[in-house]
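Next up: the structures, one after another.
There are two complexes below, and they share chain A, which is joined by chain B in the first and by chain C in the second.
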Partner chain A sequence: MGLVNSIFATVQFEILRVLTLRRLSVAVIMALFPPTMIFWLQAGGALASPGFIITLFCGMVCLLSLLLWSTSNVYAELEGKSWAFITSRPYGRWSILFGKFLVAFLVSFIISWIALSLCMLVTGDLDFNILNDGKEVPKMQVWLALSGLLFLASMVYAAIFSLLGVLIQRRAMAIAVVFFTVVEVVFAVIPAVVGKFAMSFHMFCLLTHWVGWVPPSAGQDEDANEILQDFLNVYGRQDAWVHLAVIFAMTLLSLSLAAYVICKREYITLEDSQV
Partner chain B sequence: MSYLIELDNIRKSYRKMVALKDVSLQVEHGITGLLGPNGAGKSTLIKVLLGLVRLNSGSGSVLGKQLGKEGREIRSLVGYMPEDDCYFTGMTGIEMVTFCASLSGIPAGEAMRRSHEILDFCGVQQERYRSVEGYSTGMRQKVKFAGAIVHDPELLILDEPTSGLDPEERESLLNRVSVLCKGFKKSALISTHILPDVQAICDNVIILAEGEVRVSSSLAELSKPTSPKFMATVVEGEERLVAKLNRASLAAELTPTMQVSVNVSNETDLQLFYQICEQNDIVLKSLVPSLNSLQEIFMAAIGGGNNANS
Partner chain C sequence: MIEFHNVTKLYKTVIGVNDISLKIEPGVYGLLGPNGSGKTTFINLVMGQLRPSMGHLSVFGMDPWQNDGLLNRIGLCPAIQAHYPFISGLKWVAYLTQLRGFSRKQSHQMAAESLAVVGMEYAMNRAMSSYSLGMRQRTVLAQSIAHKPELLILDEPFNGLDPKGRYEMTVFLKSWVKEGRSVILASHILHEVESLNPSLLLVSGGRLLASGSPQQVRSIIANCPNSVRVRCRQTAELAALVTGNFEIKSISINSEAEELEIESMNPLELLKLLPGLAMKNNLLISELRSSDDSLQNIFSMLMLIHRGGMRLPE
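Presenting the complex of A and B:
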């Protein structure tokens, strides 16, 4: 119960931090960036694949928000000299980890979900041309599927970036960007077992389950369908629950590992090393 | 007898630099002053006690709990006030203390109630509703102190608690520590550079230098005079008295505070001293045994050899 109280207190404290003018402004700018870009592209007649562009922009916003909120979990406290004050409490270390994870997850999901919803509003009656088994997928279904994916992405990447923040203090954000590029972008497109370690692969598979769509072009495109078929032939066709289970397991594994490391590790500041 | 803190050959190094060199120590309950020059290892010792750093070798216990094995239990029994200006931006004083209470596992409602009580005790009035960023140094120290004691710990570890405080605030804070320790049976370990603070409230003194314990003893024991000196205060004629005493073979000198320091080793010397005062019409205001000053002890300890646990 003590741990729950201290995590709840950290969540409250971090939410207070979010509600400062500076951070709220950053959140508003991030949430407004995708719909503004969509509006601009639509007005210029350059919005060829709205589904793909919306997914790309909202995914970027989600990722950026997670990088800002998750990776600095330990370093922010070390730099602010509050590390010793917090960790001298019985549940200090775990409450920092889990409290900050929860806030990063929730804030990133809310910002990217608002961005997604505004994009849907901005596109109005624009046809997304997303077909599943030859039938047009309703926009509401696309919105629900992308909302679900943003939720899962916020959760699993918040956990992974929290682990990176616990393992590496300085330049954790840069390392997280490199990690994402290598594992989640490069590994994910390698047609081998290594690709299954990328969470983006599992989310991609979920997307095909929920809307039967493969980016970047619309589903009626023969080439796109071929790519999808090849992809699924290589990786196998698992049920959606398998992919969901992998994403939840990765979240739990990352958090468990981070909890172990943050509890056992000795974090030394420059002043400490000078006694 | 159970000690408050027991350390046995504790060694801690940061890469090549050894911060604590085989420190062995027994600290009794009460208020203990931890003294030492910069880089002596005081902060490392505190971090060792809180379980924030790993030991290279050695063992120890705090309040009967084993270091390195029962870290969480130790931290739930200890209240730590760091030296750093580690306030949480965007929080008011009451929010910061409540946050500290919640981090110790106290439920939200109870944490809020305790925080108000503790801030009352610490003399923080309506300022508690203002953001901590706008606080003066004294107010920040009060809020940090409140955060350290809000969960009712048995042992307080205070790192430079009076630094940056004006004399009145300093006295108030020391009084609060004294009230907690003497009235509520708590113990305190106070790391400080301010020797009068130690002399004012501490029962025991530890002096660290170069990662070693140079002195660990009770203040009363340390203050015992090493020579049979008395300090005399007179209404006027200090210099005349010194001259007369020296002429009578009673070694005497005038201190910078215009007191007369005189060697009185037996009853005959004492009678002679009174006689000289009477014969020269010197009015004596007080005559007290001279005590060793903490400053002398400190300077001797950090300058010289090892007389740990003296």
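Presenting the complex of A and C:
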């Protein structure tokens, strides 16, 4: 009970810290970036594939927010010299890890979900050209599916980046960017077992389960469906629950490892090492 | 309460504490040492935030290394200023108390009580960014006492306090000690800790150089080779008197300032006997003081003695 209480205390405290003009401005800018871009592209007649572009922009916003919030979980406390106050409490280390994970997850999901919802509003009656078994997927279903994916992405990447933040302090954000590029972008497109280590692969599979294929460009639905079939033939067809289970398992594994490391590790500040 | 057995802490090639063995019973202790002497490492070892590289230690009979069960028996007031814009002192102290496992309601009450104890009741709902240095220091103290620990560890608690704040801090610590609680007060200024009449632990270069009551430590310091400055109109006559009667290393005369600087092997004897001798010889001394009275010099000398480079006079 004490642990749960202290985790929620950290969530509450961190949210209080968010409520500064600077941090709120950053959040607003991030939430407004995708709809502004969509509006601008639409106005210029350059919005070829709205579903793909919206997914890309909202995913980027979600990722950026997670990088800002998760990777600095330990470093921000060491840098802000609040580490000594937190670690001299029985639940300090646990609550910093889980409290900050929850805040990063919630804030990133909320920002990216607002961005997604605004994008849907901005596109109005625009046809998304998303077909599933030859039928046009309703926009509401696309919105629900992408909301679900943003939720899962916020959760799993918040956990992975929290682990990186616990392991590496000084350049955790840069390492997280490299990690994402290598594992989540490069690995994900390799048609081999290694691709299944990428969470983006499982999310892509979920997207195909929920709404079918989001084509990279308009007017290529048939080609896109062919690409999808090839893709599924290479990777195998698994039920949605398998992908969901992998994503939840990865979240748990990352958090468990991070909890072990944060509790067992000596974090030495610059002041300490100068004796 | 605390036992160190040949404890050494290394930060790669830097020595934090070096082969310290000591036993601390409940009471009041002053951990004295110049900046960078190993005080904070000592505290972090006691708090279980650092693991000894060699040796072992126990706090309340238990190994403190990441022993969460111990942390609620100790209150730590680090030498760090807390600074959170838009967050009040009450909210911050209550949050830190919640991390000890107390409920939200309990934590708020405990935080308000501890802030009242340190005289911050009037400002506890104000944002911490509006606090002065002294107010922040008192808020940091409040977070360490909110759960009424058995042992309170304070790292340079007088930093940033004005004379009134220092007085209030001393009054608070005296009342805390009166309640039968233990205190370890780390400082680099001797007279700050002396008012609590603690047992002193003198550390430098990561080593425990000396320990004892303030009187014992003062006598060690007084018996160390030291410089003595004497202000007297008849500097030449006084210099002759000193060289004829005391064992000295050097003497320098500043006629313009009417001052002698005497480097003595036994400054305590010099300080004791010189005024009487000067009076007998009709020499008027207007000022007599130790010139090397900074703690850094004392620690350098103790370090030299510790390494066998110098011996204390009998």
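As a working rule, the second predicted complex is superposed on the first by the 269 of 275 C-alpha atoms of A that agree within 3 Å, B and C clash if a C-alpha of one lies under 4 Å from a C-alpha of the other, contacts with A are read in each partner's own complex, and residues count from 1 in each chain.
We adopt the following convention: a contact is a pair of C-beta atoms (placed from the backbone, for glycine too) under 8 Å apart; a residue touches a chain by one contact, two chains touch by 3 or more.
Computed from a predicted structure; not experimentally measured.
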Room on chain A for both chain B and chain C (clash or fit): clash
First, second, both or neither for A:Leu253, with chain B first and chain C second: neither
First (chain B), second (chain C), both or neither touched by A:Leu126: neither
Touching partner for A:Val194 - first (chain B), second (chain C), both, neither: neither
First (chain B), second (chain C), both or neither touched by A:Lys81: both
Residues of chain A contacting chain B in one complex and chain C in the other: 1-3, 5-6, 9-10, 12-13, 16-17, 20, 81-82, 84-92, 95, 266, 268, 271-275
Chain A residues within the chain B interface of the complex: 1-3, 5-6, 8-10, 12-13, 16-17, 20, 80-82, 84-92, 95, 266, 268, 271-275
In the complex, chain A residues that touch chain C: 1-3, 5-6, 9-10, 12-13, 16-17, 19-20, 81-82, 84-92, 95, 263-264, 266-268, 271-275
Residue numbers on chain C that touch chain A, as the complex places them: 11-12, 14-16, 36-38, 40-41, 44, 47, 49-51, 66, 68-69, 71-72, 74, 76, 78, 80-82, 84-87, 91, 95-96, 98-104, 107, 143, 206
Parts of chain B lying in touch with chain A, wherever the complex brings them together: 14-15, 17, 19, 39-41, 43-44, 47, 50, 52-54, 72-73, 75-76, 78, 80, 82, 84-91, 95, 98-100, 102-108, 111, 144, 147, 151, 211
